[in-house]
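Here is the structure we will look at.
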Amino acid sequence: MVRPTGSKLKVAVLAATGLVGQRYVSMLSNHPFFRVAEVTGQSSVGKKYGLATAGTNLPMGQDAKSLTVKPTSAYSLDNVDVVFSPLPTEVAMPLEPELVRAGFNIITDASPHRMDRDVPLMVPEVNPGHLELLDRQRKVREWNGLLVATPNCTAAGLAVVLKPLHDSLRLKRVIVSTLQAVSGAGYPGVPSLDILDNVIPYVKDEEEKVETEPLKILGEVGVDRIFPAKFEIGAMVHRVATTDGHLESLYVETEERFEPERVSKILAGFRGEPQKLKLPTAPAEPILVTNLEGRPQPKLDRYAGSVPGMSVVVGRIRKGLDSKSGRLTLLSHNTIRGAAGSTILTAELMYRKGLLG
Amino acid sequence: MVRPTGSKLKVAVLAATGLVGQRYVSMLSNHPFFRVAEVTGQSSVGKKYGLATAGTNLPMGQDAKSLTVKPTSAYSLDNVDVVFSPLPTEVAMPLEPELVRAGFNIITDASPHRMDRDVPLMVPEVNPGHLELLDRQRKVREWNGLLVATPNCTAAGLAVVLKPLHDSLRLKRVIVSTLQAVSGAGYPGVPSLDILDNVIPYVKDEEEKVETEPLKILGEVGVDRIFPAKFEIGAMVHRVATTDGHLESLYVETEERFEPERVSKILAGFRGEPQKLKLPTAPAEPILVTNLEGRPQPKLDRYAGSVPGMSVVVGRIRKGLDSKSGRLTLLSHNTIRGAAGSTILTAELMYRKGLLG
Amino acid sequence: MVRPTGSKLKVAVLAATGLVGQRYVSMLSNHPFFRVAEVTGQSSVGKKYGLATAGTNLPMGQDAKSLTVKPTSAYSLDNVDVVFSPLPTEVAMPLEPELVRAGFNIITDASPHRMDRDVPLMVPEVNPGHLELLDRQRKVREWNGLLVATPNCTAAGLAVVLKPLHDSLRLKRVIVSTLQAVSGAGYPGVPSLDILDNVIPYVKDEEEKVETEPLKILGEVGVDRIFPAKFEIGAMVHRVATTDGHLESLYVETEERFEPERVSKILAGFRGEPQKLKLPTAPAEPILVTNLEGRPQPKLDRYAGSVPGMSVVVGRIRKGLDSKSGRLTLLSHNTIRGAAGSTILTAELMYRKGLLG
Amino acid sequence: MVRPTGSKLKVAVLAATGLVGQRYVSMLSNHPFFRVAEVTGQSSVGKKYGLATAGTNLPMGQDAKSLTVKPTSAYSLDNVDVVFSPLPTEVAMPLEPELVRAGFNIITDASPHRMDRDVPLMVPEVNPGHLELLDRQRKVREWNGLLVATPNCTAAGLAVVLKPLHDSLRLKRVIVSTLQAVSGAGYPGVPSLDILDNVIPYVKDEEEKVETEPLKILGEVGVDRIFPAKFEIGAMVHRVATTDGHLESLYVETEERFEPERVSKILAGFRGEPQKLKLPTAPAEPILVTNLEGRPQPKLDRYAGSVPGMSVVVGRIRKGLDSKSGRLTLLSHNTIRGAAGSTILTAELMYRKGLLG
């Protein structure tokens, strides 16, 4: 694919009229590397994208608004450089491999292929090296395109925090209790009758994802697979009546002493390759540490940081029950850091590494 | 104090116009052992109780409604057999000892004296024997009355569940993450601006209470003190936008194997002395176990059981990360099982044991 | 149909696993006139009703729990004396006439046939005489069964209040602004993302219903139709983040002087035929008037009165902009007074009049 | 007062640590005409403003953060050009006249002096000419400073919409039903227990303000007073569980025919003097008209427009019960258009007219 220097890569956003799809299109307005060239949907096929999403209060670029919504299928997509796929599980499962075979480069938010042996599961600050798996993927699968995955919305923010913790203190066990926003279930998602004046201590399949995905993300890349990090995660998940922002409280057991002040500095000082490369969607600080009482909070902190929604905010860093355990609470925006934002950041990293286009 | 056989004990409810005070008066309507003889308050002193609480939707006995609200002080109380005290901490701290010295029998929801060496901290299903401490209390303190305490609203429900778990599996460590209702902070309590579309991962002084009180409650009574149970509790507390019902998710480490089906039976089969004595406020089942997906939930389960609000509902009993650990979620009504209901149940137990009146 | 004296009429509840369907079955537990003999559903056909509704916190009779859920069709129903139909509009439209032709007596909450010329639209306290239309219905339609309708959930409570107002002051114009609970949209109904921290100033087709149905209900019965009451209603509807209880604020213009104290007495004194007949589901007072500041409120007042959810609570009765106008706020439980409760009350009235069975 | 050309006016923000106070300081960051030179407060006197408001998620200028919070009194303020006063009523009543006598120019959000004969009650798009009253004020009162008022938060947005309606259709009567956000009551304001799963059909003193203030704002300026506009407003107010944004549904009776399409154009085309002068806080369009179903909505529309929170969004423009009546719903941000934003816009207008500094 030959492209004039300086021109932007063409992006297709699948399910672009959905909750996360709209985030993508909004975050890609005026993006320096990418431009939205295709949008797909279901009930609004044939409409202009601006009309199909007229009710949104997210800012949308004029170019994207004038695109016509296409059906979500391999046949309907033109030649694009990368495809962002926030498809529902049951649609993604068969369609994504088909698209990759057809030559598309896909970065997916969907869960079916996240734990596949040769699919990198990316949080760009944490495991940029996992993209090496793509060599293997290309060879073994004989795909024309490639498939990269973004983690579960709860796991993504968690992995950002676990990375510097594990590097410095060697994690043994993490017990995480989540309080997740309703937007995590998409739209229409959680019925209001289920959540007004209520909490649901369950999200289907979520605990398994939260317990396994971060271990892959923090794992070591081998020739043909990722060797998962060697600690354990136990999850207890809850849905609460917040619109955006997943809050997670962690109890961690570590090999090294957990000293809150030191941990605070380690987290605040964490930087990854996206920060070094100054990627457009990379927040200046992947982790913001707050000492304010009773923080982080979804309403106040979900858009904190230099790139709104991309920084994970951590507070209440305190001791555990012994010297080698500790506690903290983190907040991460589930449709940005937990979905569209992380995917775009991965795409930026891949672009810089010459893996797209 | 000589009382005609069959007559009811006279009760004073302090802070009776408050959120928990109203629960007391409502639960004591037509009580077989007790009748509300005195109510105290602050801003409505001099008004009829029915008028002072005209806005409530709790059913109130006609007798109580016609009482005049008195100020909260030793001087204003007549000769009553027992005093229920849901006073704010800073009022309870000096006033309660003063009242006990003046000869009143107090059962308090307030925190200042809960951990005092000779003050029984009661959950009647769990530690009825702790009332023995009162002998010592009477001797050492040279009080004319007595002081008994009810635990923190989060600790009360937790202790009910930990008791059969500890008895059968020997607990080593409990990590508990709470999602607490706003009524736990009283009225006016949590400002709506702080909790709409939000979660607060903090409640002042709560974690310390949740970590220590259950250990005293599950402890062994000695001559002059309670020897606390020998396991550890680590707490991570959160306030959420629910009106009533504290939800708590537990990760437990045990000496014995944690087998979910067996644990389920143990919890469901738990009975205490209040059940044997068929005390009026004792629920038939202190713990209700549910197998329904995503339960318990505050909105659906807070009034479950034979005495609404007195049963703790437990669900999601499942394995932990190894064979000697497990997880579960419990729900307990914070102003009933966590305050007024537990206190009344304690009073019923004391009445039956001849410790009142 | 011959029935042994004293035996109860057999009732079928359609869509019995839905939100309103569950209300019906719960309210019919231990009903003196009726017993639930059939329940229909969609996704849980073939299951026991108790299992299909295991998650509910409404009390359900043991008999009903052991029924098997049947599909909703004319073929699946046995010989029952009356059918309660809270079916969705699009299902009710074709099915209900079919069922009536097949000989069933249907009282429906569904909207399609409410404004049909010969279908009584019943609020038993307001228009018991409208049942006379059934003679005409039987003759003209040549139906074996009969069809009676219950009004829209907002219109039902409104009609209860407008009746005594119109009788005493002669209404000219009513401007009503509603704040409706999410349960009014059924389950799953309103997505939580649409209503958390939000208000929707629109409910599809609702304003038209609120503007026309009460006029029919307060109308005069003629030989072959109802002549609608001769005043006007203008509606502005809103969906808000409450679970149950529709609140409606009215500005009324009247022929007579609107004197708040007098209006208060008129409303509080209103009684209808159900009260005279002491029907089981008739509240002692159809309208409860409150003088408490800032009342009625959904959370506090939705279950007020002798039959929970059947009384309409009215407050803030005050003058309008001139002597012949006034304002007030009413609250009525949308799935009880606005649906299941009103329908059952209508059935009770019909039973007493010998129109069923 | 001589000021170097181009220098900014010095502003004092009273009660600057409060909910509205923080809005002021945030909106004045990098303001081209004004700089915050003084901030006052109550509990945080002596602290740096940045520290006193550390928990906010509003962006604050670095200069403001480094100011020291002073007590709210005439003695503590240095020589500033204008004072913004979002003080509570009971503090404002005595203090504001004292400050004006001491020579300060005050624009107040507080209610006590809004209806004073010689105090302009300003919505800059609506009644810029009312500032003429200040001549009279200065003469009669013999004040050194001046006092200008901003309307009630509900009345401000309402006045913006009523102005073009009245100019074009001559209003006779307006019935307005409000659904007001909790931030309208300040902080801590509405207890969460009062508003979760609830609606309160009452806000103290609000209806009187909504019924009188817009008439003054739309009135004609005379020599020594404002002659109020000659139509009537009837209000029915409600508090709902939204954080920000007051929604108001209007039923209007007019002298001219109410034709929805024409009204839509009139409202969308409305411009005032702030737009002509291109004042910094003037939105390009004071009224944004939406045709989207079920809009405006607080969550989606409160920050609409070119200056977030300053445009009033109007939707559901439709006919009333006759040709000379109509209905519509408006949404206006209660702490921006309804408080800080309107006041700053008034200050900008006064600055341009040479009335400040």
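Going by the order they are written in, the chains are A, B, C and D; count residues from 1 in each one.
Here is the rule we go by: a residue touches a chain if its C-beta (ideal position, glycine included) is under 8 Å from a C-beta of that chain, and two chains touch if they have at least 3 such contacts.
Quick caveat: nothing in here was measured; it's all calculated off a predicted structure.
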Residue-number overlap at the chain C/chain D interface, same or different (half cut): same
Fitting chain A to chain B on CA atoms, where both chains share a sequence, rotation angle to nearest 5 degrees: 180
Inter-centroid spacing, chain D versus chain C (mean Cα positions, whole Å): 43
Whole-Å separation of chain centres (CA-atom averages), chain A against chain D: 41
Junction residues of chain D, two or more chains touched: 196-197, 241-243, 295, 299-300
Chain A partner contacts - residues on chain B that touch it in the complex: 173, 175, 177, 179, 196-202, 232, 234, 236, 238, 240-243, 247, 249, 251, 293-300, 315-316, 320-321, 325, 327, 329
Interface residues, chain D side, partner chain A - complex: 54-57, 196-197, 243, 292, 295, 299-301, 303-304
Of all residues in chain B, those that touch chain D in their complex: 19, 182-183, 187-197, 241-243
